[in-house]
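In what follows, chain A forms one complex with chain B and a second complex with chain C.
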Partner chain A sequence: MKASTSQSESVAKGFWGKALSSPSIREFLRVVIAISIALGIGFIITLIVSDEPVKAYSALLFGPLTKINRVGDWIEESITLTFLGLAVAIVFKANQFSLGQEGQMVLGALVAGAISLFVPLPTYLRVPFAILAAMIVGFLWGLLPGYLKAYLNANEIVSTLMLNSLAILLYEWVLTYYIKPPDAGYTASDTFSADGIMPTFFPKLPFLTDLRTQFIDQTNISIALYLAIIAVIVVYYLMFRTPFGYELRMIGANSKFARYGGINVKKTIMLAFAVSGVFAGLAGAHLAMGIHRKLILNISFALGFEGIVVSLLANNNPLAIPFAALAYGYLRAGANVMERSSDMSREMVLVIQGIIILLVTAERILPMVQRRIASQKPKEPTMDGQSPLGDSTGLAEGGD
Partner chain B sequence: MNNVLEMRKIVKVYPNGVVANDGVDFAVEQGEIHALVGENGAGKSTLMKVLYGLERPTSGEILLRGNPVNFRSPHDAIAAGVGMVHQNFMLVPSFTVAQNIVLGSEPTQRALLDKKKANEVTKKLAEQYGLHVEADATVDGINVGMRQRVEILKTLFRGAEILILDEPTAVLTPQETTELFLAIRKLVQQGKTVIFITHKLREVKEISDRVTVMRHGRVMGTLPISEATREGLACMMVGREVLLSVDKTPVERGKAVLMVDDLSYVSETGRTMLRNVKFNVYAGEILGVAGVEGNGQTELVEVLSGLKPAATGTARIDSKNILNNGPREVRLAGVAHIPEDRLTNGLALSASIDENLIIDRYFRSPFKKRITINYQEVISHGEKMIDEYDIRTPDGRLPVSSLSGGNMQKVIVAREFSSQPALLIAAQPTRGIDVGATEFVRQQLVQKRLDSTAVLLVSADLSEVMSLSDRIVVMYEGQIVGVFPEASMVSEEELGLYMLGIKRQEPSEMEANL
Partner chain C sequence: MDFNVVLGAIFSAAFVASVLRISAPLILPALGGLLSDLAGAINIALEGTMLVAAFAGVVVSAYTQSWVLGVLAGVIAGILFSLLLAFAHIYLGTNIILAGIALNIMAQGGTIFLLYTLTGDKGNSSTLPSLKVPDVIIPGLHNVPVLGEILSGHPIFVYLAFLFTWLVSIFLYRTRLGTHLRAVGENSEAAASVGINVNRVKIIAIGMSGFLAALGGLNLSMAYLSLFQNSMVAGRGFIALAAVYLGGRKPWGTMLAAIVFGFAQALAINLGSLKYPPQIVQMIPYAATILALVVYNLRQASQVRERTRKFQEHHMAEMAAARAGQD
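Now for the complex of A and B:
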């Protein structure tokens, strides 16, 4: 009897040991722990600031689920965040810190919006045309800093931030002087006609009418949902199954090696910026034609930078990006609910967001936990060499 | 029998079942230089990690001056006077030398670092042990040799009596190695004990008093150095006869594969690193380039492989100039290149072994299939290479960083040799790898002559150049100053005179032999 108990114990240990030895599960646990800690700290701050801390905090935690339209808002924002996360993952994978998604997105929105408003094509042509145009504009607006970085060695952080400002001003100028109807009281376009809007993701079939009126029609979730899923798969294949993706990843791993091996590093870097822009442009099309359904000032709400958070949460892995986008989108949606329904300010939530980003992405902090967990179970020793510590130093050398 | 340190029946089993140390007995006498040798993976580092408190032994005991000790962490080891200098230096680059040395037990003045005192302490230590460092230079700006001396001083500052040096010469030039050896002797004279991990047998003979050989986690024996021969040690390490000198079948030299003419290179900072270099490499021969490091050999290789632009001149393969076209064109012209610095140029550490093996061919059939890369092909290609070139790894999908140095080099060798090159440029092909891997690489190089490949061999190891090459040129200050058509007919001393610029041949003299 005794023997069998200890055996089952060791089996249980074996299960956990096995689970913990898988890097992806460990990574997942790491993120979960980081978010839990951040939420804990967030609650402590809420306790201090709010008169009704429990109510405020539950608005943050559960708010997005309390109404159907809130669920819709959450999903819609997550779709935009997915596109942006993919855009960031592509450049980050090549070890390029492009922050240009904001500008690419805004211009994508502008072009998509202009086509939706002014090009007299039927829906089934107008919408694809607008989406395609937004992608092309994103591509071109990415090509620019890509060229500057690759061939003129201009720092991409600076150049993309400058180009963001430029794009936003361009957007406002075109919107104010060319798109806004002269008699409108505020700076915005007309609402797009039905021909220029992304159709709902749920086809208008004769049956299931109840379901539709009760749930689907309460939200604005559009076919962008499918575009996002396709985009995730496309980026995954692009990154891990094509020569371009191989070049991208080798440059990211060690650009000197890539050059030594014969890869045209400059061209690939330039293309990385541009291809990244395609997905930021898509995000812009979604903002214009899926969410707002008209062009407004400040259409992005600085969403562009949130793609970075999403991509970092997902460790630049395209397949993880939709999940990271949903998680982060949930947090943002919760923030909106809390702001509206309690005495807490939006800033408070920004603080919690900041803590999460810090904990998840500050790779120097939590690997300690990771290593702790790792030390409970098999390391991969090449007897004479790499300890887990040795590994990380080895990786550090690989950089540019 | 004056053992300052004794490790008895040390067993270290990693949780996944790998037995790294299998009943190791290891004893070090007071005041000796004890070399610990063995191939990568023999368990040397594990044994030293156990000693330094980085790993806990599964069983066995450690006696320090006759008393059993139990180190839970390096802190305990340091407190007991055991210090270790790692292969990868652990210094703060933005701190000064003195700050690095006193880090952790800084002299303070009103809670602030007393810089003057730190500098004084550093200078005193440096003088005492003959380890020259600049106390107030930042670590960023000092060379590798000095960084190593800082590491050693840091350990001494913390009161180490027994110093473990983990492959200290792997990163040093020959001159720096000589200096290091002088310093080690001085340490021992002052009563310190040194454990010296290496796999360079020549150094074992030169510096140590006794040597312990490990293989497969076991000690194969401990010898006084007077009884050790390089051949004998190599045999103990590898477990079979090792050919330290390579057998070369004579090969009829063929047509000129590479014709370099009037090649010059000016560095980005405006220094002329290559001046009007002219030579040919013929099919079926190894042309060795000898020279003290820094006399243009690195630049020669980088220009020929397309990594750097030439200022003047041509390098023709089949009458096509390969200069200034970038690495892809050079490779397509039939050039393979084993780079001098494998971690910088030769590999992407975080990428898989399989992916490292296709950097020069991923864009061609059979790897490229329409618009995608056929990963089944990549994996089976990896398996083939791992098998053929004896790369020790359980799976080609693992990152290269999981391999030992010798096996990393085999990844490069596998890739470059399997591309069927017309010209193979091999720069420092055996630097920092173990005896078994070195033998393998050298044999492969000599083998390549038989397929009438032209080989350009650049090596800082003069004996390597002399034993492998058919023909030797000597470079000095960016020029070829001597050419020796029969490598076997020239002495080391003669080459040395050319390498130091004391002797040089007239261009007319060299003309016929280039």
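Now for the complex of A and C:
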């Protein structure tokens, strides 16, 4: 890949050529192109399927902004997505394809919920205790596949998916047999008491009451907002300012080289899985104590792989993750509005999501565009060896 | 006694037959996973491929009222879907694992979306008059007491699962393309250097894995059940991948591993009739998969240690011999 990009960089001149040679602009463009194409395909699907395609699609695109409580839903969703995106970024940075965030999140929600319900502590102790417990559970549920991968070389995709299924069943079992009140008509816990809920992000100050009743009280945004900001900073610091982060990035770049460089690759990989689980557990605590305020079945509904999209959109960069989460959370919130106000089902967003992942991670699209631009300027025919489809670099891409 | 009830259930012809029926939709995608894995292009999208094929089969059989066309449509849909993976990986340069994840998400969302569009229901396709593939009755054998119950009367997919295990092993070890496929997976650069078209081999391997996964998906929606259910594949595509590793990346081993998982699932269904919480029983196949991963990798590690030890001993002996010769 490197050979082909530098090749076209030397050819590419002019404004676009220069702009495209800056890595951050390339990354940004890559994401913008991917989202645009995916949304375009989504619109074509809507045109084919829906009776009122314009209404449906404008609900998807503008729905989250139409009411204050919808804005609140969007922000809340983006907080969960930020935690999940951070969790994914940590493992992906080390080139480990852990898909275990859902299981870690569900167990985090279970533990946080159980503490919120049953531990008789005052709010200022109970909430931090529950959050901490969720983080620890996420850590442990991540440590397991991390150990299996690092020390036994067990395929992490298979192991984390199996652990997800186990965690969800464990959650359902405990919820149904131990937490659900016996007289409840459906499988859910009692609503948490005020002592077990994350307090609102906006303190109840004596002034600004108008502002509060008009905007803030229409939403359920909790202190998780600040936790998410702190988490972003912590992960950034961890990744770029600590030995652990350095080792993580080294392993991601070249694990053999990292091993020769004296890094304890096994231990770092195991810890990457576990630390990733901490943030997935935090997402679970937010689901239980911030969003639903009780434990329900399918609490992780449709969140399973969302962290992956967020992390990929942010190119695994922790500082970009909240923005990617806001962008993607907007799409998801829009899908909910679309489903409620039109004949389209929200699952269309999953198709858009898949297309986004494919396009964002497609290494060859930008070089192709770049080469097209480059070849337009001097009007020279592309040589055979430069054809993006036939070049020999395609061989080496393989399984490594 | 609960335990005796379970034992009695396991040692019955009906149980063995049910293990075969439950294993078939694991064996077929596992063979597909084996082919793509040996070609060095791990197919994470088996799960999504099964879903797409299961869905296409149900819809086409419902609208054409022909199960043959339904199966055909499912197979074509599965192959095309998996070729999408090959396209993304080989021509767009997408990491094959991420591409597989993307395709699984698209399959999950796309099937629910289309199901809702066609039926107005997100749960299942019970309002569509889809067809079942008829069971195979082996004449002469069918009425033999125990053997007939075990071997006859299954959907055709059960027989196909074993047939394809045999065909895949012949393909891999007795044909030119099979050898090329293994060479590509072993070392793609070396394979390319002797003139093998690496991309073509990978595309063929992924396409074949799509075909086999499609049969597994059709097995679920047109034989095991006779309708499509939201997320009905339920992790079988991933369990199939685990079976590839547990089976030592060999066709017959993969088949046996898939049957072990089928056994665990059948056991879960049988235990479900007892008083245990259903969730605990449902955990069995997943826990078994993790255990299998551990066992496989421990065995693998000890084999490597053994080989290293032998090599070292051999080397030491040679050194000693050389030194003796010098003296």
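Methods note: the second predicted complex is superposed on the first by the 343 of 400 C-alpha atoms of A that agree within 3 Å, B and C clash if a C-alpha of one lies under 4 Å from a C-alpha of the other, contacts with A are read in each partner's own complex, and residues count from 1 in each chain.
The criterion applied here is as follows: contacts are C-beta pairs under 8 Å (C-beta built on N, C-alpha and C of every residue); 3 or more make two chains touch, one makes a residue touch a chain.
Computed from a predicted model, the values in this text were never measured in an experiment.
In the superposed model, A:128 lies in contact with neither chain B nor chain C.
In the superposition on chain A, contact is made by A:243 with chain B only, not with chain C. By the touch criterion defined above, A:154 reaches chain C but does not reach chain B.
Once chain A of one complex is fitted onto chain A of the other, the partner contacts of A:177 are limited to chain C, with no touch recorded for chain B. After overlaying the two complexes on the shared chain, residue contacts for A:40 are found with neither chain B nor chain C. Of the two partner chains placed by superposition, only chain B is touched by A:264; chain C is not. By the touch criterion defined above, A:305 reaches chain C but does not reach chain B. In the superposed model, A:203 makes contact with neither chain B nor chain C. Set side by side, chain B and chain C differ in how many residues of chain A they touch, and the one touching more is C.
In the superposition on chain A, the residues of chain A contacted by chain B and by chain C overlap at 394-395, 397-398.
Here chain C touches chain A in the complex through residues 40-42, 44, 88-99, 101-106, 108-110, 112-113, 116-117, 122, 185, 188-189, 192, 198-199, 202, 235, 238-239, 241-242, 245, 277, 279-280, 282-283, 286-287, 289-290, 293-294, 296-298, 300-301, going by the rule given at the top. Of all residues in chain A, those touching chain B in their complex are 237, 241-243, 246, 249-250, 253-254, 256-264, 377-387, 390-391, 393-395, 397-398. Note for the complex: chain A touches chain C at residues 1, 49, 97, 99, 148, 152-155, 157-159, 161-163, 165-166, 169-170, 172-173, 176-177, 305, 308, 312, 345, 347-351, 353-355, 357-359, 361-365, 389, 392, 394-399.
Remark: chain B residues 14-16, 18, 20, 38, 40-46, 49, 54, 88, 217, 305, 307, 326-328, 330-332, 337, 339, 343-351, 355, 358-360, 362-363, 368, 371-373, 375, 401-405 touch chain A in the complex.
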